[in-house]
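Each of the two complexes below includes subunit A, the first together with subunit B, the second together with subunit C.
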Partner chain A sequence: MAAAEDSRPFAGLSDVSISEDIPVEGDISVPVGSSRRDDELSTLDEPVKETILRDLRAVGKKFVHVLYPKRSSALLRDWDLWGPLLLCVTLALLLQGGAADSDNQGGPQFAEVFVIIWFGSIIITLNSKLLGGTISFFQSLCVLGYCIMPLTVAMAVCRLVLLGVTGSVGFAVRLAVVTVSFGWSTFASTAFLTDSQPPNRKALVVYPVFLFYFVISWMVLTFSPSQ
Partner chain B sequence: MASPNDLQFQEFEEAAELLSADPGASTLSIPATNSPPTASGGGEDVKLDLSEDEEGQEESSELLGGQKPAGGFWTFEYYQSFFNVDTMQVLDRVKGSVMPLPGRNFIKHHLRSNPDLYGPFWICVTLVFSVVISGNISTFLSQKGDPTYHYRPQFHRVTIAAVVIFMYAWLVPVGLWGFLKWRQGTERQIGGYSILETVCVYGYSLFIYIPTSVLWIIPHDWVHWTLILVAMVISGSVLVLTFWPVVRDDTRVMAVATVATIVVLHTLLAVGCKLYFFQTAPIPIPKPTIHGALNTTKPH
Partner chain C sequence: MSAGSGNRNTEPWGSFDDNLIQGGSAVIDMENMDDTSGSSFEDMGEMHQRMKEEEEVTAEAAATEDDATDDGEFLGMKGLKGQLGRQVADEVWQAGKRQASRAFNLYANIDILRPYFDVEPVQVRSRLIESMIPVRMITFPQKIAGELYGPLMLVFTLVAILLHGMKTSGTVIREGTLMGTAIGTCFGYWLGVSSFIYFLAYLVNAQITMLQMLSLLGYGLFGHCVVLLVTYNIHFHFLFYVLWLLIGGLSTLRMVAALLSRTVGQTPRLLLCGTLSLLHMTFLLYLHFNYHKIVEGLLDSLEGPNMVPMQRVARDVPELTLNATWRNPEVLQVH
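== the complex of A and B ==
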């Protein structure tokens, strides 16, 4: 009969019985690797202090790179604009309180410093890109902004000098400090920027950077406190 | 190269004859941004000589190297074509603007249909800051002996200098170009310059004022006026040598008037800068002693 024939291949199965004595046990484990990776990337749960410290550490690392400029790509790879903003605000604040803010014969206003630094950086970046440079826009802004650090330090030193020493000795000290930091800034920024420029136009790209830091040095040097 | 003047004159005639003989012939044209094509095959195309002298060959090959601006004005490559210069080229153009030789048209000899915007822009920026900084130093030096003088950075001058110099270096060439095109339309004038070349020659002609303004730190009046004279002669002759071949085909009166206007505007810029930024007379400070006494009593 058909039913009997059909059941023949499975006939042996009816003899098999699973006794309750044999324990069926084992481990069914679903690999949770993917969710663990998500946990590492997701910074949503970390404490706020951790988030801020991470950014601060990145900014601090770049400051160190500016202090010892060598041809490294760290500044270019992980660019950020926190550092330039911090430096720009610090420099603009330090340049306040100068000679007679009331009449317009004084030093640069806060907004003027901001405009010079940011628009200067943007124009230099555009200039470098128009001449055929391969650096990206924000990388260049990042480098130019971070390399203002020596001049900000010089500004702080100048203000301290002006508190103590006045007259030509003070001026000579300030001149020396500003000159050294101007050279440092220009050297640091060219160390980072020249690699991305076409070879026969390097001077055309370096000159605006030189002019930019020269103008900022001029602002730092001519800061004279109100009397 | 013998007698460049004759060579240039022959250029125009020969090229004009060639063109009238065969209007459909290909002409080497300088890229112009806003010119509608006229029936005669590009009215403002510079008819460069297709003759066999070496300079012509160099110019042709450079032109055929593709100097036309690429893409529309909304693409980045369009503006990149205005910065297609190397360091040596910029230095060569600067040298040409400082040492004008009669017969050497700046545009023909140095620009060679590759006008750039790098030179004019950065020369203007440098001039702005050099004028302001030198003026500040000069004022300081001339009033050092005055005990009531208190040093001021005078930073507001940057804005004023920037506005004046940029307006001169960019609006005047545009106006001159428009005027020349208008005259070209009414009178038969062979060869005009594109707007870019006019801006370029004006920008490079301002270069001599940068060392002049630095030398103006010397606080003597006669030094200032001598330097102005020298700078104006050099700078003005660059402009005159460039524009004279274009306007001399016009009526005598218009030609002289055009050249005179160019020179007068240039003079006004130089003298105005000198008078405003470099004042050798002491700036009157209103009642310094009373203010000084008040300031020392007020806590700051």
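== the complex of A and C ==
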């Protein structure tokens, strides 16, 4: 842009010829590049609190996107894995302390939940890529991780319900809560994932997502605290 | 015919070497899928890798040639020496990068698996239904679809159903976890039995590839999924035996017929199909009885107090517990 503005004053001299013994040499620097370098330096110098707050705000914004799943590309454009990690750890911690008799394995262990969530997400991502999806690996991991949020909320609600109401009424309430959040998770993730698939294969991508959230819902529903 | 120079592109009609090296294309020849060499993964990977390398090498050669001519002329003698050092370092770096990316691309290239996932939902649905319908033509090799999407999803569905069954019956797993056991069992069966039957087929010279065997056995698990889904929720032993024979039998017959059509000779046929039927039917029995012990306390808590008395059949209770109740008869009064 600067070069164009500079050349306009010389527009009238376009027919003037330059003598051959004057060497024409030099560098042309594009000003846009240097300003970007300044930006990167400035994020390195900013206080840690600002960096953390900015990341937290980004994570919070994506949580809101999951709560109201509409076709927006915000979740896909700036993917991050902080949210999924937070949700995964919260869910695994909430699933701790299951009925732990001496013989019975009881609830799933922390590592089990972790492995299920991350390897399940990886397998679904690979599957959607193999079926011809245009979404990238980490974008898909990001979406699947964020859409576990309704199930984490359901887990917290179930634990509260188990503290108070027991018996078949409590079971019915928990079943309703878990079913609703399972449907919500599946719907939210398909709203983001199926856009990147060829239109006639959406069912093939949705089914593994359905299975994945079904397994997690099953773990949430069958959780029973130790006496 | 060889011309005077060693350059490949001098032939006016296009030399053979040209076609050989650049003969691979993005379209994968499905005819090659049906050969029994068993090394199609590596072949495809090698071809793909060689193509990419050729492109890279020619691109680099062109790029460095251009750089060398431009800079050499401009900077003079001193420029040439610096240029040489830079070029050598550059080439060492490129060679190293090429080695690493070649190894990575050969084995971590998911594009190798892409053609096996090229299915439509309608195709998957029709194959699921066909897996329960045995085809009686055994004189001509039956067509077996070589895809991996359906079998993989069926194995995962079986894992989910197994988890459901284990949870509702309070199965005790002493070593390992519920999830690990379920995944290990299902994947172990699918991959292990497929490999074993493929090995037997190789011994008796049956016309079947590993991919087709994986696909056949994977779709055969559809019957298992249906039977287990029904019988983990409705606990009648008689119903299980009927379904075991009917649905398990149908899916086994389908696999057996497909194998029979591809094997020659009475003894090989007997060996192959007998082994497969035995393993397949026994697996269903194992899944039902090993992972679904009916535990009375857990059933009470999940299904409420109004349970049909028939559910608590005396013969389900192991002998040990029966002896225990005889020894302490007051336990009976509590229930």
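One rule holds in what follows: the second predicted complex is superposed on the first by the 183 of 227 C-alpha atoms of A that agree within 3 Å, B and C clash if a C-alpha of one lies under 4 Å from a C-alpha of the other, contacts with A are read in each partner's own complex, and residues count from 1 in each chain.
By definition in this document, a contact is a pair of C-beta atoms (placed from the backbone, for glycine too) under 8 Å apart; a residue touches a chain by one contact, two chains touch by 3 or more.
These numbers were taken from a predicted model, which means no experiment stands behind them.
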item	value
Simultaneous placement of subunit C and subunit B on subunit A, clash or fit	clash
Which superposed partner A:Phe223 touches (first subunit B, second subunit C, both, neither)	first
First (subunit B), second (subunit C), both or neither touched by A:Ser168	second
Partner chain in contact with A:Asn127 - subunit B first, subunit C second, else both or neither	both
First, second, both or neither for A:Thr43, with subunit B first and subunit C second	neither
Common interface positions of subunit A, toward subunit B and toward subunit C	104-105, 108-109, 112, 127, 129-132, 200-201, 203-204, 207-208, 211, 214-215, 218, 222
Subunit B partner contacts - residues on subunit A that touch it in the complex	98-100, 104-109, 112, 127, 129-132, 200-204, 207-208, 211, 214-215, 218-219, 222-224, 226-227
In the complex with subunit A, residue positions of subunit B that touch it	76, 79-80, 82-83, 85-88, 90, 118, 122, 125-126, 129, 133, 136, 150-156, 158, 292, 295-296, 300
Contact set on subunit A toward subunit C in their complex	103-105, 108-109, 112, 115-116, 126-127, 129-132, 168, 171, 200-201, 203-204, 207-208, 211, 214-215, 218, 222
List of subunit C residues in touch with subunit A within their complex	110, 113-114, 117-121, 124, 149, 152-153, 156-157, 160, 163-164, 167, 170, 172-174, 177-180, 302, 304
